[in-house]
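The following pair of complexes shares a single chain, chain A, combined with chain B in the former and chain C in the latter.
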Partner chain A sequence: MKPAPFAYESPASVDEALAALAGAGEEGKVLAGGQSLVPMLAFRLARPAVLVDVNGLEDELGGIEIAGGQVTIGAVARQRAVERAGLPLVSEALRLVGHPTIRNRGTVVGSICHADPAAELAAVALVLDATLEVRSRRGLREVPVEDLLLGPFTTSLEPDELALRLRLRPPAGWRWKVLEVSRRAFDFAIAGVVAGVGPDGTTGRVGVFGAAPRCYRVDGPVDELPELAVRRAEPTSDIHAEAGYRRHLVGVLARRALGALAGGGEVRA
Partner chain B sequence: MRYVGRPVPRLEDARLLRGRGRFVADLAPVANVHHVAFVRSPHAHAEIRSIDASAALASEGVLAVVGPEDGRRWLRPFSVGVDGAEPYWPMAIGRARYVGEPVAVVVARDRYLAEDAAERVRVEYEPLPVQMEVEGAPVVTSRSFRFGDPEGAFARAAHRVGATFRFPRYSSTPIECYAVLADWSHAEEEVTVWSNFHGPFVMQPLIAACLGLPENRVRLICPPDIGGSFGIKSGVYAYIPLVALASRLAGVPVRWTADRWEDLVASQAGTDRVTRAEVAVDAEGRMTALRLEITDDVGAHLRPPEPATLYRCFGNLTGAYRIRDLAVEARAVLTNRPPTGLNRGFGGQQLYFTLERLVDMVARRLGLDAAEVRRRNLVPPAEMPYRTPLGGVYDPGDYPALLDELLARADYPGLVAERDRLRAQGRLAGVGMAMVIDPSGTNLGYIELARTPEERSRGLGKSGCTESATLTMDPLGNVRLRIATAPEGQGHETVAAQIVADELGVPISSVRVDAGVDTAAQAWNVSSGSYSSRFAPITSSAVIRACAALKARLRAIASGILEASPDDLELVDGSVRVRGTDRALPIRRVAGLAHWDPGALPAGVEPLLHVTASFSSHLARSPGQDDTVDSSICYGAVADLCLVDIDPETYEVAIRGYWTVHDSGRILNPLLADGQVMGALAHGVGGALYEELVFDRAGTPLATSFADYLCPTAREIPEVHIHHRHGETPFVPSGARGIGEGNSMSAPAAVANAIADALSERGVEITELPVHGSKIWKWLQETATAR
Partner chain C sequence: MRSITLRVNGRPVTAEVEPRMTLADFIRERAMLTGTHLGCEHGVCGACTVLLDGASVRSCLLFAVQADGREVTTVEGLARDGELHPLQRAFHVHHGLQCGFCTPGFLMALAELWPSRGLVGREEIEEVVSGQLCRCTGYAGILAAAYDAFGVA
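Our next item is the complex of A and B:
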């Protein structure tokens, strides 16, 4: 379990990072918190020729800003820092993401870009209308997370692109609840939901993780949301859960989360 | 002040907590050490058509590639404990039989380069059909046993209760994985091996034979610190010849430190077992006869000491119950999984999952309380020491009192009321208990049951539980104790020091204990090591014997100056004293006399303050012609009770409270004893709810990292209430039974019984583990469909 050989680049600026990625062609990989990538390197499941380590870009990409109803999270902002930034929904979701030591290193943007179908953060990003600011030497673009996630561990990012920051756009007056089932505390979710109810109390959204090749979101009247969420599920079986159980959980968790919100749960984004 | 029985903090902790432990990977005993990476089979079953190592040999930093032809030329297959079984080579020769089986060994300057080169070894495989089902798998050993009159008892039975139980394959995942450093000496034609092997040292002669060396040319050194094992690391022995051969052929010392993938895929696992079981019960709920048809999946090879899992608990196969008639079919089959072996509890968790589930099924069938059925069947104190029909001799214990204490400590009626309260809220709640006999101090002779009496009669008898201890006193009266246990974190140094300090009447600070092993430099025997919870009953007793021998010598030395008979002298408070007087000599004076002025000693007194003594119980004998064997020296008893709470929609299982009461004889150190109980219990909970080595139909392992092999963490372990019944076993000088495995055996059964209770009204019976939400969902679907 030692990585295959790779060249290591430690750029001092975003521009240098983009140059390194451009130079690596199809063979580059960005290293941020490394909590998923490093094990994949060790298993030789990921074999980049060039590893571009952006951890030195704290000044440019380490920020967390809350302004004008929008939350901006830089690419190397640690999950632990975001968890403590005064964002109740994001904090609640982060507390389900691995052990604290993992969150000390792991980044929010890295988790989104990893596109794990069971990732809590991707579901949070979906329900909060998040976009990702992405740059390459070819230019800058703002990609909705909805368009970013293509399938398991697959995104629409090009090999020369670097994700710079995530923008969350929590709608005003909504209340949220995160629920998941996992084999153990902090494990990957077998299935989970991020449920939200709007200020009118009748319309809502549910983001679902662990129940399809990618996280997804359904919108609609609160009463119909569990059914909508279940219908969109395309779960698979693995050694921890059968597909049917995952589908069952989506319905149970969506009902429970929405039920808790109907009871007046006050978790804001 | 006496030390034994007190919660003396571990002497090992200061170095371990400061990162100053000395593990194999910390040792640099020789220069120019190179590293090994294994080429491992990606197929569960395949013919090896050809191997081309040329590209690997041309890679940077590579010294050698050891392939099957080298293995065939330089190694010999391990001897297997069953007549007629296939020879077991430590690498795939001709054919690979499980995913992860070593096919070639690459030696390079560092591990990275070795892994790079290992990828370049081209192996041409021709896949063969894969056998993963236990049913229908080739039987490698099979024996039938009959004790008493099981047919008659079943014919007379008022009730017959039976089921087929499937116990899963899981491990113990020690933090430190296998490690071997081998230095082949071409000058002496011998090999020195540093490894985190911990016994049984019966494997040392096996290693030597595999290498074609006399035993005295294989020097095996086990370091002072080993990072856990729970039995799993005993299997490192099979890799030692491979690493030694790599050193021999590469001409340099080589090191292999296994990583987690290797540990989960190709080290050793507990044995998965299918048991068809039936019990005969009279009208009052007394179990009269037991029929067991046991099938152990030992994986791709019958690797020694297998089929030991079948027989480790033979003497206590009837558990805590007075069952006199038995029919037992014991067989092991070969599949394309990795080989199995020791795993904390070793055969006990498999046995008691079956037996204790059966007892609960009896209770349900007869409409009796689960505790009441147990009470009616427990071996009564009046029959102690109790000889089971299989030959086990239980040292005295009061099992009904143990059960009563459990029920009182846990407030059993209160717990049942709490269960009912949860049920009224719509939860799926259940109470479950288990009572197990916890064998400690193996009699190695039990393994011979794999052979028929006739086969056994052709060879020498085998038995044994011997352990030794060596004490040396320096001129100032400090002592150094050497034992051959190679502990993996249990705290043997601490407890041995407590014993020595008490026996010699000296402060614990003057006692230094070496528990690491060097087969070239100390007393050891084939039974040595740490396994089968043998430290407390066996090693401790050897330490007491060594202390007695040193005391005798000190008394003889002091008798001249004190002008008293040695028989009238005692060792107390750091002095040798004439009993009943204040005439005394400090021990350091006595020691100084022996070292510096032996001419002053009484005639005939041996001046050397260096003694070795051993302990071996007369109870450890080879199996009788009637196939009975006392498979362990001591038998503790454990009673567990727990409450589980299952979410009625997500089916997540939570243990709300856990009580365990032990009868483990004398408690040498309560701090360490409770630590052992917690560790064993966590492991048992792992087996009940989380841990499983899962394979797909093609034989590919699916739990190959800690993302998929789920060990319970602090968040999963419930609050545990531990109680001990105090007493001493008269069967060993230390008075102590083992304690480190009991809950590994009992917890899977107790938790399974609680879950079965929770699901009893939903038509689900628990006959397999681990249990988790997805499985419960599926079972409930199936019962709903069936209705």
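Our next item is the complex of A and C:
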């Protein structure tokens, strides 16, 4: 249960970090909050030769900005800080991500890059049309989270690429609700939804986590959304729950969340 | 190997370490403070919780090299001048422990809230307690101790 040996780089700038990643080739890995990566190293599910620790890049990548209807979250902004940044939907989702101690270290961008199929934040990113600003020595690209998530713990990021910031684009006038079922408060969800209703009250979106190889989003008339969400589910069975139960939860949680939204109130993005 | 210096409970500790040495192992094997326990070594149980510059962290999920130059507080740093910390006293009074394996983690996770006592309610305490595993007590004594120490009804 101890990580295998690795070389440790602690770059002082984004440029240095990109150089370290480029130098490591296929063997490098970014270390952000470490709340997912270090367990994988301990289990030796990951054995990178080089860890590039980006925690020293607070000045360049620590920011959280809200401007012009867009929210920008830097790669080393801790989940705990983002939780307190006055973003109601994101805070509501973050309260369900691990425990306070985990959120003291974990980053929002790290959660997106980790691509856990049960990650609340990935579902939030999908419903808010998020993109990730990604850089390597080869150039800069803006990747929609929709195209980033390929499958369980698998993204379209290349080994030499560093995600710099996440941009969320909350549509104006929408209201949101996050619901999940987990075994214990704040544990990973068995399944969950991020449901939203537009200003017209009839069109909506549902982001689903924990019910398919990756988080997904469905759009449509509010009445049809639970059914659409269930149809896209591809759940698996594990020690926590059977596939059929997960599929059932998607429908129930989507209906409950949309029902709560129909009653008014609930959070804005 | 790298030479690093951490302040552990106010005392500088310098050692040569491999980058893969966790903060937990540094505390136990270099600072020689074995109050910080290791249960799972993958972030789940909370037994290894310590404060890093006042914020609680899982010391099994951080490498010692990442804490170079920083201030670490472990359970041994709670008592002052031979007097138990009020949290420790409350755990004693309310039977907040049986085997005691989980206790340092609970104390340190709660210690993060200590500077904001007066502002802390049941909800914050329960959120913190739910992040720590105890296989003995059933949590009732731990919660009673925490409510009492923080003065919440």
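Please note the rule applied: the second predicted complex is superposed on the first by the 269 of 269 C-alpha atoms of A that agree within 3 Å, B and C clash if a C-alpha of one lies under 4 Å from a C-alpha of the other, contacts with A are read in each partner's own complex, and residues count from 1 in each chain.
Rule of thumb we're sticking to: contacts are C-beta pairs under 8 Å (C-beta built on N, C-alpha and C of every residue); 3 or more make two chains touch, one makes a residue touch a chain.
Only a predicted model underlies this, so the values are computations on that prediction, with no experimental measurement involved.
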Which of chain B and chain C A:G201 touches, first, second, both or neither: neither
First (chain B), second (chain C), both or neither touched by A:G86: neither
First, second, both or neither for A:G25, with chain B first and chain C second: neither
A:R184 touches, of chain B and chain C: first, second, both or neither? both
Which of chain B and chain C A:H240 touches, first, second, both or neither: first
Chain B versus chain C as contact partner of A:H248, first or second or both or neither: first
First (chain B), second (chain C), both or neither touched by A:N55: second
Touching partner for A:I102 - first (chain B), second (chain C), both, neither: second
Contacts on chain A seen with chain B and repeated with chain C across the two complexes: 1-5, 39, 42-43, 184-186
Footprint of chain A on chain B - complex, ascending: 111-112, 115-116, 119, 259-262, 649-650, 652, 690, 692, 694, 702-703, 705, 707-708, 710, 712-713, 715-716, 772-774, 777-778, 781
Interfacial residue positions of chain A with respect to chain C in the complex: 1-8, 10, 34-35, 38-39, 41-43, 51, 53, 55, 80, 98-102, 104-105, 184-186
Chain A contact footprint on chain C (complex, rising order): 2, 18-20, 22, 25, 40-43, 46, 49, 55-58, 60-63, 65-66, 109, 112, 126-128, 130-131
Chain B contact footprint on chain A (complex, rising order): 1-5, 39, 42-44, 181, 183-188, 190, 238-242, 244-245, 248-249, 252-253, 256
